[in-house]
Amino acid sequence: MLDRIVGTRRAAEGNGHLAVEAGLVTDATQLAAGRPTAWQAVQTARNITRPHALEIIGRVFDRFQELHGDRAFRDDPAIVGGIAELAGRPVVIVAQQKGASTEENIQRNFGMPYPEGYRKAIRLYRLAEKFHLPLVTLVDTPGAYPGPEAEERGQAEAIASSIQLMTRLATPIVVVVLGEGGSGGALALGVGDVVLALENATYSVISPEGCAAILWRSASEAERAAAAMKLAGPDLLDTGVVDALIREPAGGAHTDHDATAAAIKTALVAQVERLARVPMADLLSLRYERFRAFGTIVEPSSGQAPAPPQPWWRRMLRNPMRGGES
Amino acid sequence: MRLRNPFGRKPKEFPSHLWTQCPMCGEMLFNKQLERNNRVCQKCGHHFKLDAAGRIELLADPRSFSETEADMVSSDPLGFVDSKPYPERIAAAQAKSGHKDAVLTGDATISGIPIVLAVMDFEFMGGSMGSVVGEKLTRAAERAFAERKPLVIVSASGGARMQEGTIALMQLAKTVAALARLDEARIPFISVLTDPTTGGVLASFASLGDIVLAEPGALIGFSGARVTSETIGEKLPKGFQRAEFLLEHGFVDQVVPRPQLKERIAFFLNSFRIAGQDLRWSL
Amino acid sequence: MLDRIVGTRRAAEGNGHLAVEAGLVTDATQLAAGRPTAWQAVQTARNITRPHALEIIGRVFDRFQELHGDRAFRDDPAIVGGIAELAGRPVVIVAQQKGASTEENIQRNFGMPYPEGYRKAIRLYRLAEKFHLPLVTLVDTPGAYPGPEAEERGQAEAIASSIQLMTRLATPIVVVVLGEGGSGGALALGVGDVVLALENATYSVISPEGCAAILWRSASEAERAAAAMKLAGPDLLDTGVVDALIREPAGGAHTDHDATAAAIKTALVAQVERLARVPMADLLSLRYERFRAFGTIVEPSSGQAPAPPQPWWRRMLRNPMRGGES
Amino acid sequence: MRLRNPFGRKPKEFPSHLWTQCPMCGEMLFNKQLERNNRVCQKCGHHFKLDAAGRIELLADPRSFSETEADMVSSDPLGFVDSKPYPERIAAAQAKSGHKDAVLTGDATISGIPIVLAVMDFEFMGGSMGSVVGEKLTRAAERAFAERKPLVIVSASGGARMQEGTIALMQLAKTVAALARLDEARIPFISVLTDPTTGGVLASFASLGDIVLAEPGALIGFSGARVTSETIGEKLPKGFQRAEFLLEHGFVDQVVPRPQLKERIAFFLNSFRIAGQDLRWSL
């Protein structure tokens, strides 16, 4: 799946917008030895001084204009979005926003969106599609807010609708997991043509604490749960959940926001440029296949997994300008 | 993501070969009669959980159900071990339920209408969705798309299956993507929410029906009530996350008692089918 | 406009689905002499014993199955909707629901919808379009609820969006004003291919009391305001706001719910049958022109009002099966 | 439908040839300087109402505005008489404002981008929408559609014009229908809400912008605050129905101070324009 989407290891045959050139890591073996444990990644991803969405947006994009509101109930501060320029190209951005202080975290609800946050996202996705603007999403949430008001206003419905719309949104989508990719609340911003993650980001079906509480009956087993769930960058590469990792500065993204943003910008520019050259129908088919392929099953009667993606897509993506050849 | 009983009210089911006590009204119910009544208490109308076989018998026309992907099983992508290895948990669930995983899919007719039918079984690891549930539901939606047949999914699930980690989470996107194609093709999808439907299943396909029906009293919610309760540090309101609560808050079209469920689904499918036959309208 | 839409006075050339045969009144001169004053119509339209939406639905349609909820916030009891059969044909119904008692009126908020009511309507409009089901709406509201919660949840946005969707909804729409057609809150259900009204129904830009309070500085001048605003059935025919009136039983609709429903059913069956035979693109053009034509302006420089509708539509509607001829 | 001052706070504008007092901060402002500052108080930033001519000067590139339908006037469809006949009210408003009705429409450029521009004027019968406002806005939208130019509407209105009865109400559907065609054609529509935008104007075109901007402090709401206040029989919360209130509740993209309004609109139009030029994406 990595080759198909990011096209890195076949750099020489490609179209010049390559993962390797963009400083991306597409194979866990490319990472330094002595890499952090899953639990260390969890801690790094949650570090309050880690650059959050607006800090990244301010450094990566020009002329960001935030757009507010879901047009129905409330403007949710845990999700920010708007229009900005990425190396001169207008794009729509939708991002989860944590706080850099306790005060801001209270205002941002610790990056846990309410349903109206996802409905704002949905509105902005539609805006992107309507005006042919590429969509960049930045994922960073412990999860969707689980409180009773969120249940009353349809947290599950909002997430499901957001996922559904992304699967068929007729514009290129690049997802970057900045910090925590917390379950369905993250996935509601996470369906893209390319899914990237910072090196120390995590992406999991449930928080390690939640998993430990249920399976080990003790939240203190979170470290074990984190390791078992394979939620850290290298694991996500292995499973194909992310297509490539963006390298962080040596001490972690929190040690150098500028360098982190620069690496993200390089990756985004290359990916958006590449995706914008792919015919939309192909892009939508590929996006479908990207998520269609997840799953590890055995079928004794047929003896095989689902059919692999068609080869013409591979050619198409590796070199969209040359069409069917190569 | 696994279901918790929200009010600390432990169902007082005392299974014996002959009798079951109703957890709502306390009535002792003769098992055979309870089964004949589709596991609805004759006295108070309480809906007991219904397994996949019972659900198919309830909804599909007699002998019309033809199972597909019956032998699909999960592998163990993460090598997951908690108090016991994931493969052992699966084996135990298979032995207990008689099924390979938490959903049965197949072709059937409902009141003569050909459909693709999927029914989840809470008895299999809490109806959790991993690769097999995701793959079978996706294939069901793809078959409905290819054959232009309506899709009916009956959900009963505690959410995504933790033992498959982020792969399980990706099943949300995978199933929903297949449904999005159905939606664009204007092929009806009816979602039936039964006790319980929570977590990742509700946050994906189960919420996206053209018609969403729920059984009376079914627990339906995004977060386990335990999580929600801890979040606000207080007791939750009465009826929170029950089918009737979702109806009031606008997420469910109807709460339908089990005896009327089949005819209700057939009515909606017929309405959509008859109208769709007028080709003039598809400009 | 009446001819164009209802095609009655040229009954002999028509396609057999005619206003006159359906017992409709398309010309105020057809009404009995000594007809009620505007103020009497206002009182009759508000009579609590007048048949309201669910009473009409139960008598006109078969197998009504109500569908609930806006999928975002709440199921608003002031708007009901669902699927039912009209003489064997499945249709979607959306209606404003007043109460027949004080108790029910409190539950139904006196037929004044909240924004979530209009968002439920929008959801059901989309359902009708998706499955090619004709849409029937029943209008009966003093107006959209003007309270602060309604403002907070976007009453204006919900009404505007509902109107917008109806203007381009690709399925036939028949509107029947049962009682009060109160301003924008009524219009949100009121954009159709054919707009009918019961004989004593009213349709106005503001309540007579509201108009009097503003223009006469006294709510007690409501009777004068009602007359001035020309909100009663015959006036609505004259202005083209409604295409035809449905006759009520002699003493008014409240004296005989069955007869009232029977007259509505006859009209609906005829109109839905007729509209279902019109190609969708023509129907949408006609709907646009129907509302496009409202307005009384003078342009000294051009010396004329907007161009009248194109004649091919007239032919089309009068005899959709024979296409361009006649 | 006509605007009421919501807090009983009567703006203390004392028009003289030379000075105006700011109703917010009490500052006496030299009229010429106030005009130069686009009628924004230099001391506290309060936004005074801006008439149609001032609005065009603010937004359109110099000498780029070319008015259309300039002489369109209303007839009196209902023969409406309250304390005086409707035609007399119109004549008085025309004399006072120098315009034929409550909206000016035309072609213009904004930072070089060709657009169709419509600006309402609250001074003309409270910016109320009757046949002329509806017709001019509809023609503006239809021209934007035909020429594939973005549409910018600056609203200032108490709502529908009662003197035209139900015909005025129908203008909501008429204008919105024209916007719906723009929407389908993916032609940008930017709606700017200024003090005040209420009633039928907000419940139709003004709410439907791809981007909705509002000026600081502008009164924006569906119901007149008097109606709302009577409905609940109590005083309304501070800031109710102000631009910032709508921002918080999700109905406005940005609250933009008047000096930045033009460049902000240009930014959005440029973003949409540049992207739309990539033809590959319109599959």
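Letters A, B, C and D mark the chains as written, and numbering starts fresh at 1 in each.
Simple rule for what comes next: a residue touches a chain if its C-beta (ideal position, glycine included) is under 8 Å from a C-beta of that chain, and two chains touch if they have at least 3 such contacts.
Just so we're clear, the structure is a prediction, and the values are computed from it rather than from any experiment.
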TODO: Report the connected components of the chain contact network with chain C omitted.
DONE: one piece
Open item on the list: Can you compute the centre-to-centre distance for chain C and chain D, using the mean CA position of each chain? Integer Å is fine.
Closed with: 29
Task: Approximate Å spacing (C-alpha centroids) for the pair chain B, chain D - done: 51
Task: Euclidean distance of C-alpha centroids - chain B vs chain C, Å - done: 40
- [ ] Would you mind listing the residues of chain C that make contact with two or more other chains?
- [x] 71-73, 152-154, 157, 161
TODO: Specify, in ascending order, the residues of chain B that touch 2 or more different other chains.
DONE: 249-251
Task: Chain contact graph, described as a line, ring, star, complete graph or other shape - done: other
Open item on the list: By the document's touch rule, what are all the touching chain pairs in this structure?
Closed with: A-B, A-C, A-D, B-C, C-D
- [ ] Would you tell me which residues of chain C are touching chain B in their complex?
- [x] 63, 65-75, 83, 85, 89-90, 116, 120, 127, 130-133, 170-171, 276-277, 279-281
Open item on the list: So in the complex, the part of chain B that touches chain A is made up of which residues?
Closed with: 1-2, 69, 71-78, 80-83, 131-132, 134-135, 138, 160-162, 164-174, 176-181, 183-184, 199-200, 202-208, 221-223, 227-228, 231-232, 236-237, 240-241, 249-251
- [ ] Using the touch definition up top, name the residues of chain D that touch chain A in the complex.
- [x] 186, 188, 210-211, 247-254, 264, 267-268, 270-272, 274-276, 278, 280-283
- [ ] State the interface residues of chain C toward chain D in the complex, per the touch definition above.
- [x] 144-148, 150-157, 159-161, 163-165, 167-168, 183-184, 187, 190-191, 203-206, 210-211, 214-216, 228-231, 235-236, 239, 241, 287-288, 291-292, 294-301, 306
Task: Complex interface listing, chain A residues touching chain C - done: 71-73, 115, 119, 152-154, 157-158
